[in-house]
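This structure is in structure tokens; I'll ask about it shortly.
Order of writing sets the labels: A, B and C. Residues in every chain begin at 1.
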Amino acid sequence: MRNDTRTTLDPDMIDMLRSSLRHVLTDESTRPLADRLADLGWKEVVDTDPATALRTLFEIKGDTLSGADALGPSLASKYSELTGASSASVSIGRPGHLTLVDGSGAENEVSVDEATWAALQAHGRWLVACELVGIGRHVIASAVEYTKDRVQYGKPIGVFQALQHRLASAHAMVVGAGHLITEAGLDGDPWTATVAKCMAGQTAEFACTQAQQCYGAIGFTFEHEFPAYLRRTYTLDRMFGDWRTLEHEIGSRLQATRLVPRIGSL
Amino acid sequence: MSALAADTFATPADYAAALADFLASDPRAQTYVGYRAPSLEHAAEHLRGFQALIFDEGWSRLGWPESAGGLGGDPRFRAAMFQTLWDLDFQIPEPFTTLEILVPVLLVFAPHLADELLPGLLRGDDTWAQAFSEPDAGSDLASLRTRLEPDGDGFRLYGQKVWSTFGHLSRRSVLLARSGGPGHKGLTMVLVDLDQDGADVRPIRAQDGENHFSEIFLDGAYVPRERVIGELGQGWAVAMYMLQWERGAWGWLQQGRFHKRLEQMLAWAPTDERHSASIGHAYTLAAALRLHTRDTVERLAREESLGPEVSIDKLLLIDAETATWNTVREHLGGRLETDPDFHWLFSEYMFSRAAPIYGGSLEIQRTLVAQRVLGMPRD
Amino acid sequence: MDLRFPDEAEAWRAEVRSFLAANLPADWRGLGALDRDEAEIFSNAWRRTLAEHRMIGVTWPVEYGGRGLTKLHQVVLAQEFALAGAPIYRIADTTNIKMLGNTLLAWGTEEQKARYMPGIVSGDATWVQGYSEPEAGSDLAGLKLRAERDGDDWVLNGQKIWTSRGMDGTGVFTLARTDPNASKHRGISFILCELPNPGIEVRPIRTLTGDDEFCEVFYTDARVPVANTIGPIDEGWKVANSLLGLERGEEAATNPIFFRAELDRIVQLARDVGRADDPVIRDRLAWCHTKVEIMRILGYRILTQVLRDGRIGPEASISKLYWSEYHQVATELAIDLLGAQAMVREGRKPFKHFRADEPGAANSTNSWIDVLLMNARSGTVYAGTSQVQRNIIAENILDLPKEPRLERP
């Protein structure tokens, strides 16, 4: 796990974290995610290294396609960190507007200043980017396995260069996006989060389309795990700006400032 | 002579800041800012002075071992130097790019040669080329045919090399030749002087009109025994070791260029919203390349050995390089191709089109990633 | 290539127009404007009207229900129908008419034509294509469905998969191995199996959009008369290939008409969501426009070739590759235009699972998401995957060497 070299958590701890998160995110329990995480000693992990903890949670959420609601509560923590106000879940509305949900499920729309709203949006972009990277990794790994088993013309289809090259390109993009989400978690800069979300969105979409082509017809069936990843990708990509919109937003800002930020230093 | 040493700086970032101060305040250095090369030969001549200056002041010696004339410290110092030079609009002297690829290999496989020759190379008194490819051995490098034949205490070379970057401007070349039978095992890496009778170097004009590379005809060029890099028959392993620098560290060097060129392009052309998406696309890919190759540089600094995953660096490089120069060309309108003031930039643009070829083609990298990293089956 | 149509084609155009004017409902806005059930009802009624007026299979000889016209007339008809937003036939007719009808005319005996053509023309019969097997997709010649001769019958055992609309089929045309000892591409026969048949079981497979679009078909000692073999016994590969060419080729000329109509919807969508002035959207729309124009010209070229040589060359692969890859980009643009709205499913789902949604379809999220997820994304897989098309282009058009160590027909 090369992306984890910039963390205060040691590698064994991260492995453990990954496997327990995988467990929590895929169990059938109907208890709220927050309670299930609490059983893990989640708070301690988050306090030690919030960037790695949250990134890992969302990556695994993407990988396992878990439907657990992690975004709302994570935004709520961020909101509380920024303003001191507490809520169970937060969702982001049009600029300047948030919806707060309290413990009983009651919703309350509030308006916030531009900076708070932008910080929350950036946080959301980062978390969703992490989930998209998790999806990208998963669909490539599964497609690789499929191409080893599926035989046509007397050989596993994975030997065909046309498929090898598709998955290799997608893999390189996933690695690149992986660095961006790691950095965005560390520098906490909204700009990095935006770039990470942009890269993650296009990466996950690209990875899905490459994987689907490798599957052939079976990739279009309801029972196969793949289509759900594709649908989730389209949905996540549209949250807080799809990748094409973000590319435009990024380019537009670069033109306006005529500055080209160097993300990450030696 | 300078008083710099590796422990002068706590971090590469401190070093970079000090170097930036030096470059901004030293009048000799200032004469090189914003240099636009009218031709590759002119650049080679002109920038030699700059190369000597930053060597004499110690800046370029950081990141190389003291035993070989460096000032100690790990490769991150070199990475920081490249970053600083790009950011402040200094053209990186071409010999540095070859150095970054060839010298790490010497440090491991022929330390005696590094000790003897690194200072001259770093200072720009000596320049080297890399001669691997042959007319019939490109991607399939292991099929190369140039022969290394014993002669007394040393060896003689017979055959032909091609595409050797800056071969005609180089005094020596690292060269891969066949000393034994067919296949990987029969290969040996040597360092050969090009300024001798048995070596005939002829420049090849590239598509931008510049002599980017050369053919080298070898008819008995002499190689003393101590100029063998590694062991006889170890040439393939040496070449593979080189790849982590050629594909990995090189990516870091290039991302500095891409960020700078994007910045300059924005300054040189008016805002055009229609270009925003392609600018954003290029920037995003350059940022991904930057972070990934930073990781690679750090791993190299920790002396980890990198395997087939360096092909990922090359794939990210190709994407970023292609996208960056596409957007530069689009944003500058026709000026890139037609404005003589942009000849230097156009030349860089044309070179960038070779990204999917040089250092192992796009197709080869994808195959390596698929088979060696992802574990897809081989036919 | 001459882009003008000859006089007799223009005369035919007038005839088609008056047919449409006389027979379409006055307020007709296209099949897409109806919900699925209404569309089904209309579609069936319209299909009967078409058959009565001999607007089905117009290129077929008069004695088999056609009009003996040329492919050019067929294209004129398709153009006029598209202009009016009228379906040229039922969805099931892709396999029914284009594939089986044409194959029967090319290979069938007089008895076979007499027996099967009337149902195909009237629409009482619905033939579906049962080629692919779990182990034989791209490598179709690897198929294993076994047909053993027992007197005047074939006895079939094995399994097919991905049979589109198998549940609606009154028959399935299939490829079976009739000589297990022959080489891979020999010993296959093209057999018509009427349904229901006690030995044949059809089970739906749900697609990713939740519809029962394709099926698995199981053969257990299913008896089918040997007389139902189309073309010579053991020569089914040849028969099927002549038909694959038709699947890929003829539509080269008609597809662009549907893609044009679809692009019009996307342009309208851009207006509806207020992004018609957005320079990036305009660029992307212009890109689509260019591609549709190229497809139109390419279609004419292939059509001209068919009219001249009476057959479709490997250029059909270019057309297949072109439209299938174009369609993914175009539908992604539509989804981008829907923006965050695309996350909420609403409106009518598309009525068919290939190519564009029907004319008149509202710009609903259900229409576009299904078209993207199912129709567009699968376009690079069915009817020969993009990889296979590229191999054909490389080898048969560019004359590049064959890929190493791959056996080919």
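As a working rule, a contact is a pair of C-beta atoms (placed from the backbone, for glycine too) under 8 Å apart; a residue touches a chain by one contact, two chains touch by 3 or more.
Small disclaimer: the values here were computed from a predicted structure and weren't measured.
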Pairwise touch network: line, ring, star, complete, or other: complete
A-C or A-B - the one linked by more C-beta pairs in contact: A-B
Averaged-CA centre spacing for the pair chain C and chain B, given as whole angstrom: 54
Chain centre separation (chain A, chain B; CA means) in Å: 35
Distance between the centres, which are taken as Cα means, of chain C and chain A, whole angstrom: 39
Shared interface positions of chain C, touching two or more other chains: 280
Residues of chain B whose C-beta touches two or more other chains: 273, 276-277, 379
Multi-chain contact sites of chain A, meaning residues that touch two or more partners: 163, 244, 248
List of chain C residues in touch with chain B within their complex: 279-280, 283, 404-405
Footprint of chain B on chain A - complex, ascending: 2, 5, 140, 144, 147-148, 155-156, 158-159, 161, 163-165, 167-169, 171-173, 175-177, 179-180, 182-183, 195, 198-199, 244, 246-252, 254-256, 258-260, 262-266
Of chain B, residues touching chain C in the complex: 273-274, 276-277, 379
Interfacial residue positions of chain C with respect to chain A in the complex: 132, 135-139, 142, 161-162, 205-208, 210, 214, 280, 328, 335-336, 339-340, 342-343, 369, 373-374, 377-378, 380-382, 385-387, 390, 406-407
Complex contacts: residues of chain B adjacent to chain A: 11-13, 16, 76, 79-80, 83, 87, 259-260, 262-263, 266-267, 271-273, 275-281, 283-285, 287-292, 294-295, 297-298, 312, 315-316, 319, 363, 365-371, 373-379
